[in-house]
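One chain, chain A, links the two complexes that follow: it is found with chain B in the first and with chain C in the second.
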Partner chain A sequence: MKTLRWAALAAVTLASSDALARDFNVPTVSVYGAIGVGSGDIAIKQNSTANFVGVMQVGPNVSTSIQQSGQHNHAVVGQIGQTTNATVLQNGGSNRALMRQMSHINNAMLGQIGADNRARLFQIGPNNLAGIGQAGAYNRALLRQLPW
Partner chain B sequence: MKTAYLILGTALALSAAALAEPGSTALTPDGRGEVTQRGHTDKSAETDSKDSSMAQDKQAGQVTTTVRNGDNLASVIQSGDSGPVAKRIETRPGYTKLEQRSGNSRSVIVQSNDPADLPLDKLPPALRELLRP
Partner chain C sequence: MSLRALLIASIATLSLAAPALAGNAGVIVQSGGVNQAHVAQSGAANTFTAVQGGYANRSTVLQTGGSNNAMIGQMGRYNNAVVGQIGSLNRAGVFQMGPDNLAGVGQAGSFNKAILKQWP
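Presenting the complex of A and B:
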């Protein structure tokens, strides 16, 4: 009898959570962290309500591609090498991106669409190319390019 | 105690002197924006928006350009190259485009309050879907 009662309670609980999930769109969170040593590419796509990603790469030729779509998107990228490439695209309510590159050739592309967009991009090296595109009600962009 | 007041007074006097630097700040007629130019002046920087402001600062080997246009703020700092700086600033209400090139450092910042300004048709389909508002 006890087992039956527990089973019934569990069934009700599961059914309720399922109904709630369908009615209220349960928020989801995605957290990624990646560290790469040596030449290589890292590609990350996130589609949760809140997305967090951190990437650190060290190597001769390193490349990162990040796509985030959700209410809150946060991306932090650090790259050190001979040639660094990074692309970050964020689409959502609030977007935050911080990118740091240190190499002989630095390329960075950052796109943000949302109500509140904030981007900070730092490049250290003799050859720097950076593009930031922001669309939304509130946009902040800081771009700093320094020599070695 | 007196020493503390003396230090505070000196700091205030220095701050006032820094603020009173001639030609450092000029308010626009409507008082909403401001144009700040220090040192280097670039005639390519033009704006037709009263709600925008630009600050350009060229110190030894460092060029800083800041454009405020309503709720858009774009700032580019480039340093290390004493050569010529190519700069292009385009502003209209709700839209800012800042391009700056100094030596081998190139930068572009585009900001818009209207997502329809994005050239989505020029992007690959995968990116287009991601960025579609």
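Presenting the complex of A and C:
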């Protein structure tokens, strides 16, 4: 009886490891960092399991567009200039975004779709325009707009 | 030109000039279970609109400047909205649909207007 019990356990263990070997998807990680000086556009698209992106732009007219699709998405954007534009779209389980803009005209659009969404957006300038859209079980947004 | 015509003309000029003023404009739309939005705007003209739909919704808005405009719409089981405005022209509107609604509006300025509507 004791031998039978061990045999059953071994079979379960083997079946489990076999299933793991066949069904287990190796997670992928994407880390992207970009620094731009001068006017320009930076576009980044990530679709790994965990996505991390950091963008820093300094110039008269700067813009960036980021699209992330994965289980964990993190985006950090900093822009300084005369006109700044940023668009971030995150789709996945957990989404985090931090955006800072400092210029004469600041435009920011942020969309998050996932179970846990958190957004922080800071704009400093005389003309600030911001839009945040969140869809999920837990949504948290912080928007701060200040004059130059 | 009569005094009344002069007043009307000046009001029309002001209303036309208002959108061209430099300032802040923000929109937050949240849909889900628990929604939280915290907003602080400071400038000559501030405009903010929030729409929240979920089980528990919470919005906090603080506007300081010349002209402040805040509109909040909440639909859910628990709705909580707090608006603070300090400026010369303040307008606030809070609309809540739910069994448990809580709202507070504080305004300090020359011209203040607030609308609060709550439905079960």
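Convention: the second predicted complex is superposed on the first by the 126 of 148 C-alpha atoms of A that agree within 3 Å, B and C clash if a C-alpha of one lies under 4 Å from a C-alpha of the other, contacts with A are read in each partner's own complex, and residues count from 1 in each chain.
The criterion applied here is as follows: a contact is a pair of C-beta atoms (placed from the backbone, for glycine too) under 8 Å apart; a residue touches a chain by one contact, two chains touch by 3 or more.
For clarity, every value in this text was computed on a predicted model and none was experimentally measured.
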Fit or clash between chain C and chain B when superposed on chain A: clash
Contacts of A:Leu146 with chain B and chain C, given as first, second, both or neither: both
Which superposed partner A:Val76 touches (first chain B, second chain C, both, neither): neither
Touched partner set for A:Ala137, first chain B, second chain C, both or neither: both
Touched partner set for A:Met99, first chain B, second chain C, both or neither: neither
Which of chain B and chain C A:Leu89 touches, first, second, both or neither: first
Touched partner set for A:Pro126, first chain B, second chain C, both or neither: both
Which superposed partner A:Val62 touches (first chain B, second chain C, both, neither): neither
Residues of chain A contacting chain B in one complex and chain C in the other: 123, 126-147
For the chain A and chain B complex, residues of the former touching the latter: 67, 69, 89, 91, 111, 113, 123, 126-147
Residues on chain C engaged by chain A in the complex (per definition of touch): 22-44, 46, 48, 54, 65
In the complex with chain C, residue positions of chain A that touch it: 117, 123, 126-147
Touching residues on chain B, where the partner in the complex is chain A: 71-81, 102, 104-115, 117-118, 127, 130-133
